[in-house]
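This report concerns only the one structure given below.
Per-chain numbering from 1; labels A, B, C and D assigned in written order.
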Amino acid sequence: MEASGIHGFPVGPLIRCGTVELDALEKRIAELRSEIRAAKAAGEHATVRSLRAELRKTERAWDVALEPEPEPAKAPLLPVREQVHQALTLLGVPTATKMIVTVNEAFFAGHIATSQLTSLRRDEEKSFRSSPFARPYYLCAALTSELLSPARGLLAVSTWPMPTRIIGPLSPRADFLTSATRIAEHIMRLTGAGEDASPSAYRLLTRMAQNIPGAVDGFDQADPTQVIAAAGAELAVHEESDASHRDEAARRAERQLNEVRQLFGAGLKTARTA
Amino acid sequence: MSIMSSYARALAVQNGRAQPVATVRHLHLSATPMVFIPLKLAGEAAAPLAALVGTDPANPRLLVVPQPRNRDLRFAFMAELAEVLLPYIEGLAGVTETVEAKTPYERCADAPQLLVPNRGGIAFTKLLGRSTRFRRTDGPYPVHPSVPVLGQWLTFLSERAEYAGSSALVSMTDALALHWATGQSSMEDANLATQLAWIAPPEGLDGPEAALVAEDPLTSPPAGPETHPDFDGQVLEYAIQAFETSGSAAQVREALRSQLEPTWTLMWQGVRLLRELPEAATVEARWARDRDQFTRETARLAEGGFPRGRVDGAVSAAIRLADLESALQAYEAQRAFDDPLVMIEHRVAGKAFSGEVVAVDATRRIVPAGKTRAAPRPLVTIRTSDPVRLSPGRRLVSSRNRKQRTEIVDITGDLVVIQVNDQMGRGATPAPGSVPEVGDVVCYAELDPSGGQRPRLPAGEDTPWTHGGPPEPYVPTDEDAQEAWS
Amino acid sequence: MTRLDTLRGPAEPLDHNARTIAALAVNPGCDRRALLDAAGVDKQRTATHLGFPAPFGQSPFAITRAKSFDALVKANGCAHLLRLLRSTLDLSISEASYSDISDVGGNDDHQVRHTRTRALLKRAATDGDGAGTLFDHPLLKLTVAGHEVYLEPAVIAFQIEGRFHIVEIKSFAVIDDQADAGQVAAAARQSAVYVHALRALFTAEGLDPGRISHNVVLVCPKDFANHPTATLLDVRQQLAALERQLSRLTRIDRILDELPIGITFDLETQSPDEVGKAVATVGARFAPECLASCEMSLFCRAEARDRESTDVLGRAARDELGGIESIPAVLGLADDSRPPSPEQLEIAEQLRYVRRIYTEAVA
Amino acid sequence: MITLTPGQAAAEATEAILADFMGGPHRGVIVDSPPGAGKTTLVVTAATTLADSGERLMIVAQTNEQVDDLTDKLATKAPTLSIGRLHSDGFSVPSRVTRHPGVTASNKIDQVESCAVVIATADKWAYVSGHSWSWAIVDEAYQMRSDKLLAIAALFDRALFVGDPGQLDPFSVVDTERWAGLAWDPMQSAVAVIGRLNDLPVHRLPVSWRLPASAAPLVSEAFYPFASFRSGTAAADRELQLTTAGFPVPWDRTLNEAAATGWALHELPSRHTIRTDAEAVQACAGLATRLLQRGAVAHDENGSHDVGPDRIAIGCAHTDQVAAIRAAGTPAGVTVDTANRLQGREYDVTIVLHPLSGRRDATAFHLESGRLCVLTSRHRHACIVVARAGIAELLDNHPSTGRVQLNVPVKFPDGWEANHAVLAHLSNHRVGA
């Protein structure tokens, strides 16, 4: 079987080095691994440590021996925070990192690793604290409605109205429906402009539609108009209750929290004393 | 399990070596069995990881999926497996013989035999069949044309494996356990390495010592389909990463080869051990059934037969149950009549007895129930030291004529009187040799090698209301074919 | 310091979770396991210390798979889960609220989370409609052998029309509506622990524990895809077994009473040999099935082999051998080299007979 | 709610069943009948009612013995009814059937087809084709495997399924999970399949006429947790009298306890034994012998009679135990059989060798609740259980790690719980041997 690359780039040219050298290294790597297992089983911790060090060295040598072609310069057009902003603006609601990555890939041919987003919120907070409102927008937290603490794993945009950045009990569902609508609308915008969305954009929409009653039939590809109608119908059920929750909490946040906390959330202590 | 096999296990502990529980081989062993050792990725339902496969002990073929989470690579693996298995299977379908029956018919002279290490291997073969037989070669997720065909055959083989006495798809540990009792528990016998260590320990070691060595996953990696978690964490994970970064499958291949090769050696050791046993009398007849079914499946597929549905309908389930029961009943009986060591199980349980004929009333004639005329019904008295737990009226079969029907008339002390009911010729007195004679040593058992009759059942389209009415006929759907395989 | 603390030594007691509590029912006849568990001894470490590391572990692939499936089910405001609950339990469209209790405003202290869990569930139970549908990571508490333990939550509590259900997310596949029966059974036992704990919470809050359903919602990947599917699982039998096992844990006192004074399984101060001797003072009930579930099993098996116990041959074999404890005794009765005691007369006769016909047939 | 007498409650139930069966919209009606609740009476009533209105009826039972019993009872109750007893080739029909002038026995359907009622085993019915009936009664339907019903269901339009849900499930030698979760799994009972695939009314008979007041509550609670029933008789209606005084030895003390309370646990010292534990086997045979020697007389709502050997049964789990007990000096005429074969039978006194006696580990076979239910619900007066001590511990030590299949309805009661319930009750009637 011919090995084929899984990220779409060709494999052939990568293996250019002397196979003899590679073989020897691979053999050594295999030997080291089994020695490590044997040493582990025997409880010889010192040996394990030194073997591990040698293993890492050998693995590096193997990587070098492969001499991989540098990845084709797919330099991102935008810095990460701007790619995130772009995706969030499309979605219009606080969103988890995984979804941001997916939307960015499906609509903007962007490339962000989830790991690049882990420290993003902290960096933005640092920047805001040192010079508030120096940037046109910040990527900030969504706040839980009850304690006004940062909601886990969600990113939002500082310029959004406060209620949009509040997460009440119904908000996860309402926001999911909103983002499905926004994605469908964007696809229609693209097709309306004579372009078409990527297959992965349709796949994303279809996957989301499968979890919205009446949004898609069976295993078919989702139709944006049908998704908008179905998501709208369910959203109408939650909207009032969700909005009143969010508005109330937003008023509380604006009253009780300072500027930094309005954007990045209150700790437990603040919320309690508040 | 019985007191006999438990005794044999105890004996194995004392002798430091497995003890026989059969004197003959009760399964067919092909001249060229296909040994198939599949591995799967932990945590996934049916993600193939690797397989070592082939009919030549010296020349196994290693197939791997360098990134098991990639569906394209998985299907490439299945296509490669098809490259090995389909020529083997289809090649055997080519040679046929004419079976002399009421209506003579053609039957394949040989049939495929797949040997896997354990029951997990059979279950995984079934899953591989289930996950590939519905695939299409066109549409949204096309696969290589050989993949759905392979799926159909793997399904056929794993369904055959449900029938007692079939040798189409055999688990090696089960095959060995049928012939040897080790000094470990039957649960531990599911480990091919330790089981073989008890049966044939290497020079210088006794069974328990060898079994302890064989438990070390470094010397004897698991026979699959699961891999050892330490191997996954310490070796495989890195090898897959190396493939991801480099595109070279070499590390994955080497890693998996190291896990598969020891089992490959064990599989062929098992084959050799089984081959040393003489084949039991009825093995050929049971293998003929496997060949019959293989012939039918070949014809069905040649006519473009649909892949088998996901589940049985009410009628086909009932028919299959009757067939499974009949196959099991026949197999148990045949095995006992073929092998005195197996018959012990039934003698100990009081369902069979062995002894010497001490009296024969060959001229006895009575009017049987429901009949009007007298017919020969000789009585044979047997003295036995076995603990007979049968009562008058029970129907018995003897090892000397498995078709002759007899029944118990009386049991007093160590004397059992049986009446012979048929197979005595047409004359007024029994034909010579049709009834045992005084001094013969005979064995009678309440076992029926004929397997009993299947009740008449309605056709599937006539399924009655009690069982949900006629089911929708099965036609493969797009949904079956597109079922994402991620 | 209690007697159990002395046994364990200075090491922190191992936390209980639904899995360890469910394991109480796996071999309830084993005093050794019962005692080690009650004392919170780390069996894994102990077994390794004794030179018999546990014969099983978990593959990193399985762990990754479980995590990613769990995340998938809960992604997008539990979009998959809501779809499944709407189709299997007719959850109405308006019921879609979701509260995560994995921390409280960033604080993940057990006590704080438990208090919050109680408050949210109580409000949901008393306020009726709209007071909460999904509660992720509820932190429940359970009394085990007189100690209160927190249950590390791997489930979602779910309310529909005043009835509460446990939602258990598992990554084993449901293929053509069937799953591995062993894994389903394990999931059922674990879910039963949560149902039990949730009922205890309701009782403590003066609510009707009957409002916790014995039907658990089991969410698994369907067929060979990642697509989640839900099945209702009736755990009444597992609940009954669990409740009985919990009520029996008091027998630990009986086991403790029989132990020599001053004995300890402390791995820091005791040599493997000493720990081995100490562990051996508590009777085990080894069966080959232990090899799949108990960390101590290889130690116990070696012990049973040394004693030449019929236990190593399996439960069925031992029963067939008339309950005789040792293999030499079995063979001695069979070849008449050992005189049977009065209660062994019958089995001895059977064994002699089996030996005679077996020897004949093998010859 | 007005409390009905047992007779009224039973009559009301029967009336509702017949109305639903003959006038309701359903093609089938299921009747759950606890032990001795008048199942046969119901079948006979339904059959005669249908025959009276000129309808033809087929009756299905599971064994030849059941068919013959039913035929005998039906012919006794309705001597003018024409009954066809269809049987297999070579079967000799017993005289209790052939003595009735209304009964025609034959192995050919054509010879009995014209009878108002045709009755045969399910196995025999499976070979009938090209005939049909508007009405059918399927007796002991919980003992019938669903594939057997499949083979005969085309013969009738509507059916009454009658059976005891607490007894042993049908059985297959094949061990497969292939059909687990399917509504039509052929290894289930006929009732399970029709119930899962059709929305059928389920009735139940609320009164046991067999079980005495001392037994009905326990059997109901332990084995019929969701379908409770009561005894048709009061404590004062039944008395088991031992006409000779006993000796102060265990056997006699056990008999005294059983006679006085309806239950006794004859407990032998704890020990692991082979299945045919000689002491336990001896105790079963000996208790039966002593019972006869002491001249037991049964007084009940119908009068008084001597308890002869034919009114005593010894029940156990395995056939080798049956053989051993028979060989251990059990008085002639006393029935000794396994639970499977005691289903549907009735005695004055039963002696039960507990399935878990002497075992070290319980297995699914031993724990099957139906087995214990059959063994402890055959008696009109008293049930004596012979067991080695230690069963409660054995149950507690039983690992509850059974396999669980998706979409398979949980079976109640759980054998483990049912065993505990019975044991807890028996501990109040313990006589140490």
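Everything that follows uses one rule, which is that a contact is a pair of C-beta atoms (placed from the backbone, for glycine too) under 8 Å apart; a residue touches a chain by one contact, two chains touch by 3 or more.
Bear in mind the structure is a predicted one, so any value in this text is a computation, not a measurement.
The count of contacting C-beta pairs peaks for the chain pair B-C. A simple rule picks the central chain: find each chain's mean C-alpha point, then take the one closest to the mean of all protein C-alpha atoms, which gives C. Chain A and chain D have CA centres that are 65 Å apart.
With centres set at the average Cα position, the gap from chain C to chain D is 37 Å. Rounded to whole angstrom units, the spacing between the C-alpha centres of chain A and chain B is 51.
For chain B, residues that reach two or more other chains under the stated contact definition are 230, 311. Touching of two or more other chains is recorded for residues 41 of chain A. Under the contact rule stated at the top, the pairs of chains that touch are A-B, A-C, B-C, B-D, C-D. Listed in rising order, the residues of chain C touching chain B in the complex are 55-66, 171-173, 175-177, 221, 223-227, 288-289, 291, 305, 308, 310, 312-314, 316-318, 320-321, 327-328, 330-331, 334, 350-351, 353-355, 357-358, 360-362. Residues of chain B touching chain C in their complex: 1-11, 13-14, 19-20, 23, 41-46, 127, 130-131, 183-188, 208, 215, 227, 229-230, 232-233, 236-237, 310-311, 340-341, 343-344, 347-348, 385-387, 483-486. On chain A, the positions that touch chain C within their shared complex are 41, 43, 96, 98-99, 144, 147-150, 152, 169-176, 179, 208, 210-213, 234, 237-238, 241, 266-268, 271-272. Contact residues of chain B toward chain D in the complex are 162, 311-315, 317-318, 320-322, 324-325, 328-329, 349-350, 368-370, 389, 455-458, 462-468.
Taken in their complex, chain C has these residues touching chain A: 48, 53, 71, 75-80, 82-83, 86, 93-94, 96-100, 102-107, 112, 130, 132-133.
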